[in-house]
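Two complexes come next, and they have one chain in common, chain A, joined by chain B in the first and chain C in the second.
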Partner chain A sequence: MNEKLLEVKDLVVQFRTDRGKVTAVNGVNFELYRGQTLGIVGESGSGKSVTALSVMRLIPNPPGEIARGEIFFRGQNLLHLPLDEMRRIRGNKIAMIFQEPMTSLNPVFTVGNQIEEVFALHQQEYSKAERRNQGIELLKMVGIPSPERRYLEYPHQMSGGMRQRVMIAMSLACRPDILIADEPSTALDVTIQAQILELMKKLQSDLGMAIIMITHDLGVVAETCDQVAVMYCGQMVEKANIKTVFSRPRHPYTKGLLESIPSYDSTKNKEKGRLPTIEGMVPSLFDLPTGCSFQDRCNFVTEDCRGRKGMPQLENLALGHEVSCFNPIVV
Partner chain B sequence: MNIYVYVLRRILYVIPVLLGVCLIIFVLFNLVSPDPTLMLLGKHANLKQMQELRHELGLDRSYVVQYLDIVKSAFTFDFGRSWSTKQEIIEMIKNGAIPSLTVTFPAFLIALIISLVVSLFVAFYRGHFLDRAAVLVCVAMMSIPSLAYILFGQKILAYDLGFFEISGYEHGFPAFVPYVALPCIIWIVLSIGPDVRFYRTVILDEVYMDYVRTARAKGLNEKVILFKHILKNAMIPIITWVVIQIPFLILGALLLESFFGIPGLGGITLNAINSTDFPVVRAMTVLSAVAYIIFSVITDVLYTLVDPRVRLK
Partner chain C sequence: MTEQVVQPLSNGKVSKDLNNRPILEVRNLVKSFPIRGGILGREVGAVKAVSDVSFTINRGETLGLVGESGCGKTTLGRSLLRLIEPTSGDVIFDGIDVTKLNPEDLREIRRRMQIIFQDPYASLNPRMTVGAILAEPLLIHNLCGDKESRLKRLFQLLDYVQMPKDTLNKYPHEFSGGQRQRICIARALAVEPDFIVCDEPVSALDVSVQAQVINLLMDLQKDLGLTFLFIAHDLKVVEFISNRVAVMYLGNVVEIAESKELYGACRHPYTKALFSAIPNPDPTAKTERIILEGDIPSPMNPPSGCHFHPRCWRATEECRKTYPGVTSSTATHQYRCYNSLQ
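Let's turn to the complex of A and B:
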């Protein structure tokens, strides 16, 4: 088995708000191995971005706070690191790209300047000329045409797809062990989306890094991931390899998500071509139901489920297939 | 677009603006305001005296000529002579500008530095106790009327404690220092409140931008993020705020000059208004308009240095 890069144990992240404390991430566990792509899927507010930001220790504090848990990066607990050592890991060993390519770059500095900043920070042995050459090399690597010219341009002179490529180039500057991609293709056109995902896959195999792909789009997961973790209301409800999740989902929420993917083949949909949805709304984090937080929307809910007080915990139902459900679907 | 083309175009825009401003000044002084000869001669003047005076003051010339006179003065700064003192107005302005600037320029510079430092400090510790305390002090300082500072300064600091001169002026450095120190300090105290609040808001507007999160994700420390990434973005509104204040420095501080007996441009303007000295008032109006236009062009040019996006527009 490949080297274990990341191990998150019992992560709890809370935010103080005017209406009291909310728990955005509630007891999340996962592992990440070199070369692997882990997809974290869920609706808005399910805690997937917060989980990712926690790994970088970028939760805005206040109001947010990592209340409990451990995050081991190659055996080292990131949550116990002094801040300046954590900064040496950010952008260097663990890098991150974001959903908003249009605003994620600083508008008043050239693209080259912003890339070189990473070298100046983490590769101090580079000379000025080396930084420049490496920067241009990165732009070339992410497929930006005429990189020498683009290097001197400002973000506003580029399209969204180009800017996301720049973000990827910047994040890969120090050949990180882990790349966290928070909805990297969501804000882009579909064709550009595919290009960006293709690029990430190619770079992953070239550089041998691990990727955490955060998305609400199961199509993206299907294209890029090896492992999938489905999140709902701050918890991971199902975790397995991609094949298992898509072919034999055992959590009703995962099943609902998969069924609500539009498909060209309408015979697949039972109700006269109507797209199945998950009924109801994601409950507010302020008043989650006691017990299973999915019970009010679940098609498989039983009296027994409703009666249970504690939250369902992830359990190994099959080898490498973990589900947190009182009444998992039988396959 | 080339930066020189941008600057040139911006300068060419000045011409129509200046012509328009001159037209407004002309209308205000010649058509809207009451007949100055009546005010100068008093109500017992007869028609002949009035006509003679009108001829003497050049008010019987055609409107076009009088308008062009104003336009010409905006370019040559030849404003003619004062009606009451018969002095060359440009000489009066030159003499008044130095006392005005000795008060306003150091005060402006010191206030700018203090407010920028304080607001960066406060933005760095945003949400912290220090931040809240600073905002509170700013609001308190803004809430006290300027007259209170002037009276307190003159009574306690100047009269009772003798730190400064109460009022008056002496030409030449360092003779003017004891006279201008107190009005300077009061100017600084008056501007720190609103300035810090403005700079703080502008800086905090940037703090929550996505590029700041990117900068953190790169591993930059908070100081570099604040001083490099955030400050350069915040410079755009700050430059506007700062540069647009400069014309008012040249025109002097009306209130402070009159309270402290400083023979600056503010004082000259007040006297001219009181004695119906139209050419002087008009000269000050033209001068402030020209200064304002020049500094707004400078602001626009400075933008291009700070914000690369401006050049394209």
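Let's turn to the complex of A and C:
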């Protein structure tokens, strides 16, 4: 087995709001190994981005707060690190790219300037010329044509796909152990998305890093990930390797999510002329049902499910296939 | 609905069969936006957002329109309703040329042509109750004159989109994205239109909600006999909902065919690349992927000849010189390419 890079144990993140406390992430556990790609999927508000931000310790406090849990990076608990040590890890050992390449680059600095900032923070031994050469090298690595010229350009002179490449270049500047990609291709067109995903796969095999891929697109997960965790209302409801989840989902939510993709079972859907749906909508975090939070939308709900007070916990149903459901689908 | 009339793409001939007369015919539609420069703001050039597009839509049919951002699909959709004034070309709706109408007649025809926008957060006025939002089109078009019949109509509309009656007294911010999109659909239906332009109606929604709204649109189409132009960049959704699909690239329709035909046997290399770029939700399938190089060129300065040639792996000398004309492989399948696939 490869080296275990990250271990998140019983993570609980809460936000204080005018309407009281909400629990955005509620008892999340996962592990990440070198070279692995873990997909975290879920709808908006399911807590996937908050999970990622907690690993980086970027939850704005106040209003947010990591109420409970432990995050181990190579054996070191990140939550107990003093801020200046955390800063040495952030962007250096664990890097992150965000969804919006338009807003996450600074419009008043050149691209080169922004890449060099990473070196100024984490590689202070570099001379000015070294920084520049390394920066141009990075742009070359992410496949930007004529990198010397692009190095001096501002973000607005670039297309969305190019900007996302720059973001990737910046995040890889220090050869991180873990790259967290929060919806890296959502804002891009499909042909550009294909380019970016291909690039990430290639860089991963070249550099041997682990990736946490956060997305709502199950297609992207199927293409890029080894492991997948499905989140709903702040909980991981199903976790397994990718083939298992896509061919034999055991949690009703995962099954519903898969079936609502038009091409998942396209011949059957076309015949029937409609798509299978998950009824209703994601409940508000202020107003979650007691017990299983999916019970009101579930097609497999039983009286027993409704009667239970506690939340279902992730349980190992088969080797490496964890599901949190009182009444998992039998396959 | 399934039987297709021969509909040549650009030679302007219309089928004489009245029963199968297309509800909408677009002929050589062009929309160019001026680029102004210098201190005097003089016109220094033009962006052809839509250049020479022709197609027809039959009654009760859904025509899907796909393409990447900036290809002109939204401009095309809006210029059909003259929300954007087309530069030249004709839009013939049920025998009437929309581009030649005076404002009064245009308002009347817009009763029959409606649009649903992409962002349900931006397209509903936050200061109006849902009741006021839904009643507005009725008041503008003098439908359901008295209060009682209007209220009855509003309840009927909510029923169409499966929303509870107390929705009328609430404000848009009280609803989720999917519910807001239902309200937008109800608003479009208020004036009993024949034709609706759906401009990316589900792209802002979560996957599970997306499926609900798609089903709703398809049910309404069946029940009310609507015709849709369905604009989207999500090819999976378009394949599912459309009878025919048109693919746009830099202002031109490069390929148009029946949905099955297009997804099974497309002719244009761009269509092929677009389809192969869709992430497949089946981890065991090994799809052959064509990854296009580079970005979409700027429409301000499109490449010579076929606009797609700098990214195309089949491009030849000819492609660089002149824009390819329309080729028909079957009665319902047209494309613009010199070196088509198969």
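Just so it is clear, the second predicted complex is superposed on the first by the 326 of 331 C-alpha atoms of A that agree within 3 Å, B and C clash if a C-alpha of one lies under 4 Å from a C-alpha of the other, contacts with A are read in each partner's own complex, and residues count from 1 in each chain.
Assume contacts are C-beta pairs under 8 Å (C-beta built on N, C-alpha and C of every residue); 3 or more make two chains touch, one makes a residue touch a chain.
Values in this document were obtained by computation on a predicted structure and should not be read as measured data.
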Clash-or-fit label for the pair chain B, chain C on chain A: fit
Is A:V118 in contact with chain B, with chain C, with both, or with neither (first, second, both, neither)? first
Between chain B and chain C, pick out the one touching the greater number of residues of chain A. C
May I ask you to decide whether A:T17 touches chain B, chain C, both, or neither, giving the answer as first, second, both or neither? neither
Look at A:T290 in the shared chain and tell me whether it touches chain B only, chain C only, both, or neither; answer first, second, both or neither. neither
After the superposition on A, what does A:N2 contact: first (chain B), second (chain C), both or neither? neither
Is A:I278 in contact with chain B, with chain C, with both, or with neither (first, second, both, neither)? second
Across all Cα pairs of chain B and chain C, what is the smallest distance in the superposition, given in whole Å? 7
Going through chain A, the residues touched by chain B and also by chain C turn out to be none
Partner chain A, residues of chain C touching it in the complex: 68-69, 176, 178-179, 206-212, 214-215, 218-219, 233, 235-237, 239-240, 273-274, 276-284, 289, 291-292, 294-296
Along chain A, where are the residues that touch chain C in the complex? 43-44, 145, 159, 161-162, 189-195, 197-198, 216-223, 242-243, 246-247, 256-258, 260-264, 266, 269-270, 273-279, 281-282
Parts of chain A lying in touch with chain B, wherever the complex brings them together: 56, 58, 62, 84, 87-92, 95-96, 98, 100, 103-110, 117-118, 121-122, 154, 156, 167, 170-171
Mind pulling up the chain B residues that touch chain A in the complex? 127, 209-211, 213-221, 229, 232-233, 306-309, 312
